[in-house]
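As written, the chains take the letters A, B, C, D, E and F, and residue 1 is the first residue of each chain.
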Amino acid sequence: MELFEQLWAGSGLAQISYGQAAMIAISLLLFYLAVAKKFEPLLLVTIGFGGLLSNIPGVEIATGDGLLHLIYMIGIETGAFPLLIFMGVGAMTDFGPVLANPKTFMLGAAAQFGIFATLLGAVAISSLGWMDFSMNQAAAIGIIGGADGPTAIFVAGKLAPELLGAIAIAAYSYMALVPIIQPPIMRALTSERERAIEMVQLREVSQLEKIIFPLLLLLLVAFLLPSAAPLLGMFCFGNLMRECGVVDRLADTTRNALINIVTIMLGLGVGSKLQAEIFLTMQTLGILVLGMFAFAIGTASGVLMAKLMNHLSSSPINPLIGAAGVSAVPMAARVVNKVGLEANSQNYLLMHAMGPNVAGVIGSAVAAGLMIMLVGS
Amino acid sequence: MELFEQLWAGSGLAQISYGQAAMIAISLLLFYLAVAKKFEPLLLVTIGFGGLLSNIPGVEIATGDGLLHLIYMIGIETGAFPLLIFMGVGAMTDFGPVLANPKTFMLGAAAQFGIFATLLGAVAISSLGWMDFSMNQAAAIGIIGGADGPTAIFVAGKLAPELLGAIAIAAYSYMALVPIIQPPIMRALTSERERAIEMVQLREVSQLEKIIFPLLLLLLVAFLLPSAAPLLGMFCFGNLMRECGVVDRLADTTRNALINIVTIMLGLGVGSKLQAEIFLTMQTLGILVLGMFAFAIGTASGVLMAKLMNHLSSSPINPLIGAAGVSAVPMAARVVNKVGLEANSQNYLLMHAMGPNVAGVIGSAVAAGLMIMLVGS
Amino acid sequence: MELFEQLWAGSGLAQISYGQAAMIAISLLLFYLAVAKKFEPLLLVTIGFGGLLSNIPGVEIATGDGLLHLIYMIGIETGAFPLLIFMGVGAMTDFGPVLANPKTFMLGAAAQFGIFATLLGAVAISSLGWMDFSMNQAAAIGIIGGADGPTAIFVAGKLAPELLGAIAIAAYSYMALVPIIQPPIMRALTSERERAIEMVQLREVSQLEKIIFPLLLLLLVAFLLPSAAPLLGMFCFGNLMRECGVVDRLADTTRNALINIVTIMLGLGVGSKLQAEIFLTMQTLGILVLGMFAFAIGTASGVLMAKLMNHLSSSPINPLIGAAGVSAVPMAARVVNKVGLEANSQNYLLMHAMGPNVAGVIGSAVAAGLMIMLVGS
Amino acid sequence: MTSVAHPMVMEGVQLMLIGMGTVFVFLTLLVVAVRTMSALILMYFPPVPIQTNKAVVTAEGVPRAHVAAVAAAIEKHRGSQAP
Amino acid sequence: MTSVAHPMVMEGVQLMLIGMGTVFVFLTLLVVAVRTMSALILMYFPPVPIQTNKAVVTAEGVPRAHVAAVAAAIEKHRGSQAP
Amino acid sequence: MTSVAHPMVMEGVQLMLIGMGTVFVFLTLLVVAVRTMSALILMYFPPVPIQTNKAVVTAEGVPRAHVAAVAAAIEKHRGSQAP
């Protein structure tokens, strides 16, 4: 009855560890949040399933020749999947609102303070001996404050692949939590009167401006900060395909079949880093706490910058739209709209907030390029 | 006129072997069956074309740096393509009928007897010296009885890649032949009265049950038989995407663009194993004969199990639906419906047969996991 | 302030070379041509963007572990992308017109004279010492005269990868310039009366003929010129999927999602060969000049052949349709139609020109196979 | 017949017994698990009675189905921004 | 001019002759093959005369085109289960 | 507190200053560049006044929108042949 023994020895019950059981429970929690609460479902369902598969004992799925390990090696270690997602996001993004009111780019800059403050926080708690993050790891954790999933995954894959699972989970979870995290901060930093400010309607942006913008942005990147060129290059490529009007069939596939396929693969690949022995560490806890701070600080600096701009600018700026500068497209802009409507039921800020929102994507890609150049090398 | 000689030496006429000519004829036969007879066209057209290309003399297509060899290495040797197909099939499968009447899962179990009986048969004729199949090969041949293409390809790729071409051809051919193979067996084992049995209408299954089922199934696999987790994991992933309602764009791409692309590649890759020197062996003949037995035995055990259940159960069970337990989705269920209507023109068994039909997919994936664990290691 | 120095040293301004600046300008020119002039936008936008990214200084995009280098290695060095594009083109191509009037296949043969004349030209100017092209390079340059992008890329990837960028740019640019290059040649070689010739209406071709044709073509290739089998095999595969009527879902994906994804990747991969140090050579200039000759000679030989056939044939043949034999599908056929209408406002030659047009695809694939066999080995 | 005693045949018989046993045990457990799941769901989330379909119209007089369709389209459009 | 005698030029000329020859032979054979195929098909499977299109309606009074469209949709749906 | 003087913290502060500085400089330059671009475009390609939409109909009495849609469909079909 040797075969029976082999059967029992091969069963999950005989092999499962407490850590794996805990990770399976966490994966189920991610599904619950994704399905019942609609928390970033495209990523949390796929990452969650990857996590579930990665913690099945005694079978090579997230290791060795397993499919999830192959996906990770091919698509995430090389950076290919986040870059392709960025291309797809570019093909979905309308830069009209920010081109109509270019000064809102500055709000996308201010909100990146969350990134660097968190980096400093991670470094500080390490120097206090509470945790032990290297400079590379601190930089990768900071990027959570960029509120941009593929950017976070790209940077973590380059600087701290061992933290990739926790960083991706934190980034997407907090992006989903934007409607809960941001409003109290926005209300605390603004007066009722400021929140009620109505903004002048945006002008129509011509197609030519929209075509030239991605090229202009890429040239600026090429001349000033080439290390941001992979991320912003693919983003601009997607956007150019969208706007140029002569390759619509490519743009369509990019923002549909291609981004969907890559999203599934990215989720499974990230999930392969949810193996118990990698994920269940004190560092993960630290990342979750720091990620929360990153979001809060980013939101606050965006709002404060918008207040400052409102004082300096001739046309009125509602400080709420600064909160959208963290990116978390399009959730943050919708939250701005909602909080604005509470203060003034005629105040539709959605389009005004879309400007800082997409500016925030550029801002955190710039910060990511900086990190990779200054820390990674 | 050296170039002329080179031209002649490079021509197919100068190089073709009898085997290659025979394989080209077989490939053309596969097209005929696919196009004129509608035999599993998605796979037989692609496998057939792969076979045609693989037998063109004097050019690297299915070998060396040739495209089909690359496809085979990347997608089939790694198991990636069958797993992705399984994900797509999961995204197409409605578990409603089997959840409404869970005892029909047992019919999906019974029909797997075809797998193990065929394994035993292959071992027996080897021990008699009629053929020479190793235990690994016998297990891979048995899986033909699972009536499930990607499962058969996955197992053959792991246990007996040298037989992959013949096993895939046999599996898809017999799946296409289900309307011819099954009815006589079904009629022989049942009385007219049994075939006329009407079944009670299935209850409506709630969305929540459909969402939880793939997770429940995967957990059971994880705890009991992890070696089945790659196949059933991807299947459950596809099904969860389909049912959870929050990632419809991913589910859509999975069951359309993605599965179509992978089907084309899988077909070409399998076709690369139709090279004359690999395929034209006595073993292939043995596989074709054994595969036929596997189907017949699976059908018979399904029907007999259903008869038994009809005796034991309070609600009536038409024994015909047991035949659908071999899987061959959805062909087997349609055959059940047709044979049922012959006996009783009011007897629509299609939905009742869909239960054992999808249960058969699970059953043979379980059997596949077992084989890989017990034989492959 | 070491970080500041690092920042400056890492900036594009500190690192850019004249060559890279020139290549960026050339890439912008390609966009202008693609967007404003609608010159083959699907390829010129993607190749142009690849070129832009490849000339950003100080960052690995088209080299090392960069995404574009990976794409090049995986998809172009292996020949996979051009072959998949050919499959997609096959799934788009209707052979009806050429099957209705098979003698127009000969026009697709005649136009290939451009290929061999250019090869000879490249060899001649090398033997005169004006340039320095090896026989492999001369053959790859000649293929530009085939007026078929993926064929040119496939051959260049095999015979002269160092020239791939220039050859692809030349091929697609001249394909886009067909409406400017061809009409003067067509008018110079024909009389007003010849251009006014009306042709008899084409018969209806049955579905069965369309199904069997790709198989017939592939068998002829297999027996006579196996080295053309990869290209024509994938082309026939796509066409068989299109015509056989039982795998429409695969054909649909092939000519939509799949070809779009591969086009994006192919463009980026080719663009990676637009790095200044590879592209900015005298050879590129030579390639551009020779490519122009290739097109002109191909057009002329097609027209002359059509004139000859008009004399010999019983049914009238308008010599203009010979110009469509270079391929450049469907642009060349449309040009024929336009020039024909100028001479006779009742003379709709479009469908008649589609015959030589698709025959030209086959002709240049045959020539490509020959080159690879005779020169490459 | 000595061939039955052939070690590979013995192993084949063993595999068949263990294999069919495991398949049956696995699917039996699945039946039990599914029944339990369905019972629990029916207990805690009883099905809502199906609404009679008398052309439900919103306050503004627009058929609700239209509103839902439009809302779904908008949501889908928005959702497509997500990754 | 001695350059014409240059061995690479000689090889080029040879390639041109053989190349164009092969292309012509290949496509000539293709013309013959296609003509033969078409003739055989026309002989054994003569084209069905085209039906006059007078709004064919099924027994139940439903335009046949609708029936066909529905049937095609169902078939497509079923077919999509196949792989 | 000596920990503030910790070399990694010093490096973190430096990174923060340089990082935020660069982000601001970059986006400021982007604002300038975008404003310049828009100004140049408005100068050289002034927007065409929007046409009043009174159901433009072609000479043949077919609504122009239909013609455009059909033309677009044809163009799309043709365009799909391109790669």
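The working rule: a residue touches a chain if its C-beta (ideal position, glycine included) is under 8 Å from a C-beta of that chain, and two chains touch if they have at least 3 such contacts.
Just so it is clear, the structure is predicted and the values come from calculations on it, not from any experiment.
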item: Shared chain contacts [chain A and chain B, defined touch]; value: C, D
item: Steps needed, at fewest, to go from chain D to chain F via touching chains; value: 2
item: Chain of greatest Cα-centre distance to chain D; value: C
item: Furthest chain, CA centroid comparison against chain B; value: F
item: Same-residue or different-residue interface between chain B and chain C, half as cut-off; value: different
item: Distance from chain F to chain A - Cα centre to Cα centre, in angstrom; value: 21
item: Distance between chain centroids, defined by C-alpha means - chain B, chain F (Å); value: 50
item: Inter-centroid spacing, chain E versus chain B (mean Cα positions, whole Å); value: 32
item: Multi-chain contact residues (two or more partners), chain F; value: 15, 18, 22, 80
item: Touching two or more other chains - residues of chain C; value: 3, 7, 41-42, 224-225, 249, 256-257, 263, 370, 374
item: Chains that touch, pairwise; value: A-B, A-C, A-D, A-F, B-C, B-D, B-E, C-E, C-F
item: Residue ranges of chain C in contact with chain F within the complex; value: 3-4, 7, 40-43, 85, 88-89, 92, 149-150, 255, 259, 263, 329-330
item: Complex contact set, residues of chain F against chain C; value: 14-15, 18, 22, 78, 80-83
item: Residues on chain B engaged by chain D in the complex (per definition of touch); value: 99, 102-103, 105-106, 108-109, 112-113, 115-117, 119-120, 123-124, 126-128, 135, 138-139, 204-206, 208-209, 212-213, 216-217, 220, 224-225, 249, 359, 362-363, 366-367, 370-371, 374-375
item: Parts of chain D lying in touch with chain B, wherever the complex brings them together; value: 3, 6, 8-9, 11-13, 15-16, 18-20, 22-24, 26-31, 33-35, 37-38, 41, 45, 47, 76, 79-80
item: Residue ranges of chain C in contact with chain B within the complex; value: 78-80, 83, 211, 215, 218-219, 221-227, 229-230, 233-234, 237, 240-241, 244-247, 249-250, 252-254, 256-258, 370, 373-374, 377
